[in-house]
């Protein structure tokens, strides 16, 4: 059923690419990045990337481009969903073994997966597909994107996913306790530090320690977070803490060790300290973002704003921050020159739950929604009515 | 000018002698039980900067300008020390993957915000010794912690304070014979009996002893971390704490220790009164678990035989050193109540109080820092509403390193 | 109506009630004269008497006063407790002690009685004597709907009849959810009571019809109405007709609303579990004293700050001005009166009020306020002699007197002797190496023989233990 609707879109997308037309996107407000907001702004999309922004758009290219006039809408960079299994937990959790750092999430990537196709519905244009935290060393994550003709992998082998949270401790296979899990990781890291020639799994750790890859550790309780930070300190890497339910109690250490935090989702019934945590993180300059299901992530950001987070930081938490935290800041998360043309058109501030999502573009191709045809540039043919 | 100069000089000299005025508090008119020393009536305790600055009778000098607290009618004791404390009842306290894991540290599994620390503090306990759970034969390394610190890292008083060994049926519980569970389960393994439990312990020590002897000739290639810890135990660098309740298990514990030549402290030791002479001969200290746990005619624990109410008195009579703990299986963390029960059953109140203050401090090797009220030690103390062994006594104010962690009045 | 038409169980229970009534009417051992001289007498109902004496005759207290002022009859047996403390024995208003299985697996069983379950040889009663408890109101367990009858027993006697002070003291009811859930339990209890009412209404209607027809001549005049109230429903019928008291167990404040509603209809005594802090106002609305379960201290965590606070239900009630009776647990610290009372005082309850909560208040609630709960003239001669203050951990009960008879002496308590003297002897004899084996055997035997002992430390009581080893419970 899904494929039926996608196929025509694919044809359209194909048509758009074949025509090799630039796109000139214009809107009342264009957010290039949270600190670069253009009023009556525009940018030029060429071959799926942002070629020129604002005043830099050459006049001749602007004239030849297909105009996408968003009217009084707000154009923001497409949101980036930080480590998630996109609901494919079964295929992304090698439960029989606790330590499999050399497994790659990209091998379990399904371009037609429903959850992937639903990302744009929440304004998300890319996600970091990650092995499940049910495994102490799950493997390598990848940056994936939804697409008109099925999803695609934008960057494989992005980060190393480790886990110290309760999901990783399984009573049916060792280690069953937190101290056992910590011991496992420590000995593995110690081995990795001393030599790379100890097998493909330790080699992955070695490479990560050299700085070639980000290391994300899933940890929720204070003891788990302390252990994760101890590992980062002792083996010399900057940790990204994923989940971080009780991280509000360890803020000082997070600041001191330049850690980053992926908050596993806020809900209205949580402790006040948890809801105010993002605001404190922003004040302290600790990078953070939200994960969960797409609608959950946006809700978390909105809740954080309600409890004191400034809007710019909230926008950053949904776009630029996750991209930076996982080393793909040049590709996604902002609409600067050279970045992918991933953007969403909103009727208002995306953090206001009343705002409607009008359209979403990935790599310059529309994957969701439709802009009113009257808004199209009268000089060119009306936008294809097929949705 | 000339008149003020000598005054100024005196002031400077005084300032050099006295500690900083900030944060110095004087507690007067209290009955002080310093721990390991005679009681002081109308006593004075001076604390500041997290340490005890002075202690003595009513004439003890206190710096000017310090805050004064009148403790008339109250009793001040050192903060209590629980030498066998159950910190949180989570599955993380037991690594079930393997029965012998000497290298694991229970500190890695501890949650600093665990409510058990809060409850311990409200009961006047200022330092605790936590060990891994009792489901493994050799569970790992224990740790001594203060029950409060600004930063969870600073709670640790002594790393690797002990190696826990458990005798008896408990480590074999949960392991299944082939009929009981699927063959693929990790719990289908030895030990399922006491024989298996002792075998596992013996094998571990045997391997360690071999490694020790080998290393005398040639250094080992890569010693397994478990063997490394066990060799430290054999060398006497880490204290072995063996949990054993029934007489049979206590004898086994002593036999094992004698066989491999290490000294062990006995934990829980409900039946210790049955082998008093052996304990004396082996110069073993006993950590007596929860004297309140069994009513005289109530049912005994799974491994126990006789009620433990009398054990303290019999050990005291025979001159076997012991401390009183809540026992890692305790339902409550009220250490002073255990001392009450021990006093009820025949030991003196002073002895009972020492058994939860200075004696555990000595046993755990932290008596330089805490365990009694002495000048220079950490300001770990409790102000009780009346004598602490009175059932109606409440821990009104509890201080850890001079920080008030509970103030009722 | 001839006796044959009465079924055997009914006959037995009538006999039992008769015996119980007889026993209750007069003390077990009559015609004795006892004088107890004590350093301190805590009468509970009046001031403390220093250097006093208590005179007991025919099982009842005849005089209390200072030794200098009271003449001791020359024929009296004198117990010299100089320097010690004498006080009434404790009264436990609600307990499941002394029975092995106290929850019947059918929930609606008002025809049962705990008299059929109480085991006189249970170590629980030995412990009661060691702790100075003189009267226990034994009731069925809390996992029930409408359980059977309770009874007040003394912890001394070879048979249940010997032990009974008062039988049929009330029907146990409970709002504890068990497996079904709170709403289900409330609904079931309401349904059960409504069913009884319907049954009664139907019974009365049919009797009225019978009388009408008899008056109209449709039924011969000599024919009598022979139907009786179904004996399995009798307990519940008495409850509904307020001829019997209901003892309702309320696990937490969430069930208090329903308890209040039920208390408007029926004569109820409420037994409260812990966790009542939110419901203290409702308890006050009951307007009657309540009985507290043995666990009176509990912790609650503040959701937001994660800080824990320690609560004491007794203190909450005391602050709200609600009278309450304490009870004792069956194992662990709450089995000891000094611990329970110490807990109350620790939380700020006045010492005298705490003592009353384990003496006079429970005595009144079980309907024996004129016989038990304090040392005053006319009441039963139940007292305990302690080595020190009753609220100290180091005080021991030396002697227990029930209705003028010495029923317990610590110096003759075999269990305590075994623990303290025999072990001590063993330890001091430990010098001899070959003695170890024999000592171990000696030490082991009393432990095995112990369950066979019926009572410990009682004078002139022949051993009734059946040597077939009652053994493991």
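In this document, chain identifiers A, B and C correspond to the written order of the chains, with residue numbering beginning at 1 in each.
Criterion: a residue touches a chain if its C-beta (ideal position, glycine included) is under 8 Å from a C-beta of that chain, and two chains touch if they have at least 3 such contacts.
This structure is a prediction, so every number in the text was calculated from the model and none was measured.
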Leading chain pair when contacts are tallied as C-beta pairs: B-C
Most centrally placed chain - per-chain CA mean versus overall CA mean: B
For chain B paired with chain C, centre-to-centre distance based on mean C-alpha positions, whole Å: 40
Whole-Å gap between the CA centroids of chain A and chain C: 67
Chain A-chain B separation of Cα centroids, rounded to whole Å: 48
Overlap residues in chain A, where contacts from two or more other chains coincide: none
Shared-contact residues (touching 2 or more other chains) in chain C: 306
Where chain B touches two or more other chains, by residue: 113
Of chain A, residues touching chain B in the complex: 169, 171-180, 182-183, 187, 221-223, 226-227, 246, 249, 252
Contact footprint of chain C on chain A as seen in their complex: 271-273
Chain B to chain C touching residues, read off their complex: 113, 115, 118-119, 122, 273-274, 276-277, 292-299, 305-307, 309-310, 313-314, 317-318, 331-332, 337, 340-341, 343-344, 346, 349, 385, 389-394
Residues of chain C touching chain B in the complex: 123-124, 126-127, 130, 299, 301, 306-308, 310, 330-333, 335-336, 338-339, 341-343, 345-347, 351, 391-394, 396, 415-416, 419-420, 423-424, 427-428, 430-431, 436, 440, 443, 447, 473
Chain C residues within the chain A interface of the complex: 303-304, 306
